[in-house]
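The letters A, B and C name the chains in turn, as written, and every chain counts its residues from 1.
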Amino acid sequence: MSADGQGMYDLVRRLYPLCRSITGEGLRQTLAILGQETDLELHEVPTGTPVLDWTVPKEWNLRDAYVKDASGRRVIDFQACNLHVVGYSVPVHQTMPLAALRRRLHTLPEHPDWVPYRTSYYQEDWGFCLSQRQLDGLADGDYEVRIDATLADGHLTFAECLVPGQTSEEALISAHACHPSLANDNLAGIAVAVWLAKRLRAASSPARHTYRFLFAPGTIGAITWLALREPLLQRIRHGLVLACAGDPGPLTYKRSRRGDAEIDRVMAHVLTRSGRPHEIAEFSPYGYDERQFCSPGFDLPVGCLSRTPYGRYPEYHTSADNLDLVSPEAMEDTLETCWEVLTVLEANRSYRNLSPKGEPQLGRRGLYGSIGGRSDTEERQLALLWVLNLSDGGHSLLDVAERAELPFALVAEAATRLEAARLLAPTAHSERPGRVPLRQQA
Amino acid sequence: MSADGQGMYDLVRRLYPLCRSITGEGLRQTLAILGQETDLELHEVPTGTPVLDWTVPKEWNLRDAYVKDASGRRVIDFQACNLHVVGYSVPVHQTMPLAALRRRLHTLPEHPDWVPYRTSYYQEDWGFCLSQRQLDGLADGDYEVRIDATLADGHLTFAECLVPGQTSEEALISAHACHPSLANDNLAGIAVAVWLAKRLRAASSPARHTYRFLFAPGTIGAITWLALREPLLQRIRHGLVLACAGDPGPLTYKRSRRGDAEIDRVMAHVLTRSGRPHEIAEFSPYGYDERQFCSPGFDLPVGCLSRTPYGRYPEYHTSADNLDLVSPEAMEDTLETCWEVLTVLEANRSYRNLSPKGEPQLGRRGLYGSIGGRSDTEERQLALLWVLNLSDGGHSLLDVAERAELPFALVAEAATRLEAARLLAPTAHSERPGRVPLRQQA
Amino acid sequence: MSADGQGMYDLVRRLYPLCRSITGEGLRQTLAILGQETDLELHEVPTGTPVLDWTVPKEWNLRDAYVKDASGRRVIDFQACNLHVVGYSVPVHQTMPLAALRRRLHTLPEHPDWVPYRTSYYQEDWGFCLSQRQLDGLADGDYEVRIDATLADGHLTFAECLVPGQTSEEALISAHACHPSLANDNLAGIAVAVWLAKRLRAASSPARHTYRFLFAPGTIGAITWLALREPLLQRIRHGLVLACAGDPGPLTYKRSRRGDAEIDRVMAHVLTRSGRPHEIAEFSPYGYDERQFCSPGFDLPVGCLSRTPYGRYPEYHTSADNLDLVSPEAMEDTLETCWEVLTVLEANRSYRNLSPKGEPQLGRRGLYGSIGGRSDTEERQLALLWVLNLSDGGHSLLDVAERAELPFALVAEAATRLEAARLLAPTAHSERPGRVPLRQQA
C-alpha cells in the first residue's frame, strides 16, 4: 500500500504552494488538480447568493504583496510564503512608518521562526503575518506597503465527486479546501478523501451506498453546499469530515452531535478493535465543518476524523504546518482506517432469521460439525449462532458483533453464509438512486 | 454578607427558648416572630379536621411541669429546659415512688449530660426527659409529679409566605417549625428560609417563579397543608425542604423521589461546581417533610437540603442541639447555596435556535471576533456555539451547561446575548399567576 | 437438609449406569425412575414427526458393543463403560486391522486415562471412544468390531411434571436427560429439578405459579417440546435450565436472552445477597436448552443455572464426570438457591398504595412505634415506608428491595402487613389455570 501513501504525499506536495482562500483562483486551481485525480463536478456560486443565514462573499484574488524597506528590499514577501498576507486583505499601496505598520503585523512570539495564518473574511481589513524574528529585525523608518489584490463580485467554487452505489442512501466525505500553504490542515485530508474516491471507483462492483465527496471552503463552503443541496440531505446516512489527516499523532474521532449514530458506533468499533492508540471525543460545536452539518436544523450523522485534532498541535495554523509535518505513512494509516470503516458501513445490515423458532438444523445444511459432544465453541460457529439469535429485525450486524464480542468481519461472513442457506434475509429495502439537481441558484 | 449570617443567628437565638410543638401557643408565637421579619399569612385549622389519612389533633399547651423530691426541690424542671417534658404529655399531678416513676423517664446513657427530646403525639401518654446524670442522682423515695398541660380542641397553626413572580409556576420552600429548643433542627432551617424570602422580596424585579414558603409543624403540618392546598400542587415546579441548616458539617442534598427532577439536577450542578465538600444522597422515604411531598399520590419534585442530615450527628434530638451547634457562617453558607440554586432555577429555560440551519453568522452581529485563524476556543465564544447547537427545544440551559461542561452562568449569559440578537427564543410560555384559595376547611 | 442432599445423590447413583441417548430404552428407564420419585407424565413422539425446523429421528438402542483382539479379548467393552460407543453408532460387525480402525477411535491425549463422550446423531456413522492409554496398548493386527445396535423407527420420549398453582402463569424448570454415564452433566441437574418438584408438592398450599418440569433429551427434545407446546408458551413467565448442578465449583447463572427478565433480576438479587461466591454471565446462544427457549421466535425468559458451566471443567464430557465429581452438599446448595429464587418469584408482586397522598397514619394501625423523636430507622419500619412510597403500580417488591437496599424477605413481609391493614392491594389479577393439551401430533 506504500504506493497509496506516496501518491497522496505527491498530491499534497503539488497542492502545497497554491494560494488558496475561500474563493478565487487558488481554490479553483486546487479543485482542477483534484479533477485530474478523480472525476469531479465543479460548482460556481455567484457573489451575493443568499445561503442560509449567510451571503456568498466577493471573490478575492491576490497577485502580489510585499513590505519594502527604505532601500527597496522586500522585508516581507508574499512570493516567499503565501501566509504572509492576512487572507482577504483589501488592496493597499502606501508608505508608512514602522510604528503605524506594527498594528497590521501578526506574529507568534512563542515560536519566533514561524509565520502565523490569519484571515479577515467578513470584515474588510488588511495585514501581514511574519515571524517574530523578522519583526525584531525591522528598523524604524518608513516602509512601502503593497497588497495587489482584488475583492470583487465573482464566485465561490466547490467540487463534488459522486461515486454511485446500489442504493440512493448516501455517505458524505468532506474535506475543507480553503487553506493556503498548510499541509496537515487540510491537504492531507483532501488527499485521503481523493484516494477513498479512487478506491471506490476501482471496485469491481458498486458499493451499497452512494458516496459523495465534497471539497469546499470551510464554513461558507459547507453552508453554501447545505443551502444548495438541502433536498438531498435526507439521503445522507453517514458522514465524515476529514481534517488534519497526515501528522504523526494517533487517530482521533470526534462523534457526531447525535453521539450514537451508526458512523459513531462503527468508528468506535474499528478503532477499538484496531489495537492502535486512538482517542474518541464527544461532539462539540467547534472544529471543522461538522459544525455546520451537525447544526440543529440539519443534525446530520457526521463525525470528524483527524490525527491530532484542531488546535492541539503547536504547528496548527502556522508556517510549520508544512510538508515535513505530514508523511505518506500517516496518511496511509488514515486511509486504511477509513476504508475499514467504509467496509463495515457497507456490510452492516439488519437481517431477519427465517427459522426463528428454535435453532435451525445447521448440520443438515453443512454449517455445523457432525460429531457432537466436543466443547467446540470456535468463533465461526459462535458467529452463526449469534447472528441467528439476534436477527429479529431489531439488531444490525454491528449490534451482533458488539454483543457477541466478535470481529465484525466474522459476523458479516456468518450472515452471508446463512443468507446463502436461506436462513436469513435482510430487513431493509433500498432502491436505486435518482439524481437530485442543485437547488436553483440565485 | 456577614450581616445575613448574624441576622439569621439572632433570629435563631430569639426563637430558641419557646416551647414549640405541633400545635399550641409556642408554635403561634414562633410564627408571629417570623411575621415580624417577612410578610406571612397564618392559617388556623380546627382540631378534628380530616386531612388526608389523618385528623388534626387536639391543641396542646403546657404551662409548667416538674418533678419534686420529698424536700420540695424541683429535681426536673420544665422552666430550665423545655425538652424535660415528653411532647404532648397529658396533665398529671400525683406522688409516686422513684421505682414507679422510672418507666416514665427517658435518658441517653451514652451522653450522660444531655437531655433527649421525646414526643407522644398520637397516643395519650406522659413522661419526662432528663440527663442520665440527673437520673443517677435521684434517691429512692416518693416524688411529686406535675404536668400542668391542656390537651383540648383548638387549632393547628401554619404560615405561608408568598412572593409573587412573573408566572404562576411555583417553587416551594418548606421548614418544619414544631421542634422546641433545638437550634439546628430546625430553627436554622427556618432562619435560612426567612432570609431567602427577604432577598426575593428585596429584588428589583419579580422572579420568574412564584415562591411559596411554608412554616408548619412536621408531618401533620405538611399533611394538613397538602390536604388544604391540593388544587395548587400542580403549580409546583420545584421544592426544597430546609432542615439542619446551621451545623458545621458539609452540605447534604437528598434528591426528590423522582431522582432527576430539575431541582435535583440544579442542586447537583451547583454543589459540584462549588468546589465545596458536599454529599448528594438518593431519596429515601424517611427524614423530613419530603416524605409527605414525595408520597406517591403527590410525587412532587421536592428535595431536602441539610448540612449534617437527619440523625447523623450525635446532638440530634438532644439538648446539645443548642445555640453552640449552629453558627452564622454555616447558615450563611446554606443561604448562599440556596440563592445560587434559585438563580439557576430562574434562568433555566429551553430555547429554540431561530437560525438552526448551519451556524448563524455571529460576526456580522458583533458576537464573534473578526480575525479568524486563531485557535480561539475561549469559553464565552464556546458558550454561544453550544447554546445555538443544542437549542432545539429539547435541551434546557442546564442541559447545555452539563454537556458543554461550562458554568451555568456563562451559558445563561450566552442565551441572553443570543436572545437579544434575535437568534434565540424561549420555548415555553407561562401566564401570570392566579390566586388559589385554601380548600374549604371542615 | 442433609436428607435432601443424600436423596439427590442416591438418585444420581441409581441413574448413572443407564445408557441414555436422545431416544431409546435408557432414556425411557431414566424417566420411569424419575416417575417413582414424583408424578410424571410421559410423552412418546414418533420418528418422522416434523418439529420446527427438525424431524424426530429414528430410535436408537444398543445391546452390546466391543472391539476384540486376535485372542478374543474385549479390548474395548461397552459393558464396562457406556461412553465407549459413539452415540447413535449404526450397527457394525467386521474385522479390520488397527490401522483402519484408528480413524473410528476417539481419545483425549491430554487426559490419557479418560474416555471422551462423542455422538453422531444426525449423520449415520459409528465409532468407539477410549482412553489414550488403552489406545497406546493396542498392538497392530486385526480386531473384531461389533456394535449390536438398532436404529429404526420408534419414538422420542420426554416427561413433564406439572405442579398446579393458584394461577395459570407458569414457571418452567428444564433439565436435559439424554447424556449417558455423566454425573454432573446432567444427572445432578435432573436430581435438583426432581427435588424442587417434591418440595412444591409437599407445600401446605399451592404456589402462585404453576410449575412445569421438563425432562427431555437436549436440543431435539427441547425443540420437540417447543413444537408440541407452542400454544402454552405464552403462559411462561419464568424459566430455568438446570445443568452441571453438582460439581464443587461456585454457582453460575447465565441470563436469559432478554437480560433483564424477572428471573434474571431475582437470580442476581438472591446470589448477590447470599454472600456466596458466584458468577453472573450474559446470555450467549451456546450452552444448554436455553438456546432453544431463547431463540428469537420464542424469546422466553429462561436462564441457566449451573455450578461450573458448560465446557469449563476438565472432566466435562468425559468419563471423569462421574460420581466422584458431584456431591450431596453441592446439589443441596444448588437446590437451596433455587428454592430461595422460587420464594422470591412467588412473592414478587406489584402493589398499589391505597392511601397514596401523604403517609398513612401507621401509628393508629399499630404499625409504628408511638414514642416519636428517636432516630429509629430500623429496617422493618423502613421497609413499610419504602413499600408505601414505591407502590404506585410501577414497582414490584423486587424493585423496592433493590432501591431500598433491603432484603427481599423484609420487603415482602412489609407488603403482607400493609395489605392486612388494607393500605395496599396487589395490582395484577390472575385466574386459575386451564388445561392445555399437547398439540396434535403427526
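Going forward, a contact is a pair of C-beta atoms (placed from the backbone, for glycine too) under 8 Å apart; a residue touches a chain by one contact, two chains touch by 3 or more.
All values derive from a computational prediction rather than experimental measurement.
Residues touching across the chain B-chain C interface largely differ between the two copies, under half of the numbers being common to both.
Chain A and chain B carry the same sequence, and matching their CA atoms takes a turn of 120 degrees, rounded to a multiple of 5.
Look at where the CA atoms of chain B average out and do the same for chain C: the two points lie 55 Å apart. Not a single residue position of chain B touches two or more of the other chains. Taken in their complex, chain C has these residues touching chain B: 353, 355-361, 363-364, 370-375, 377, 382, 385-386, 388-392, 404.
Residues of chain C that touch chain A in their complex: 52-54, 86-87, 116-123, 125, 219, 222-223, 226-227, 230, 257, 284-286, 291-292, 294-299, 310-311, 316-317.
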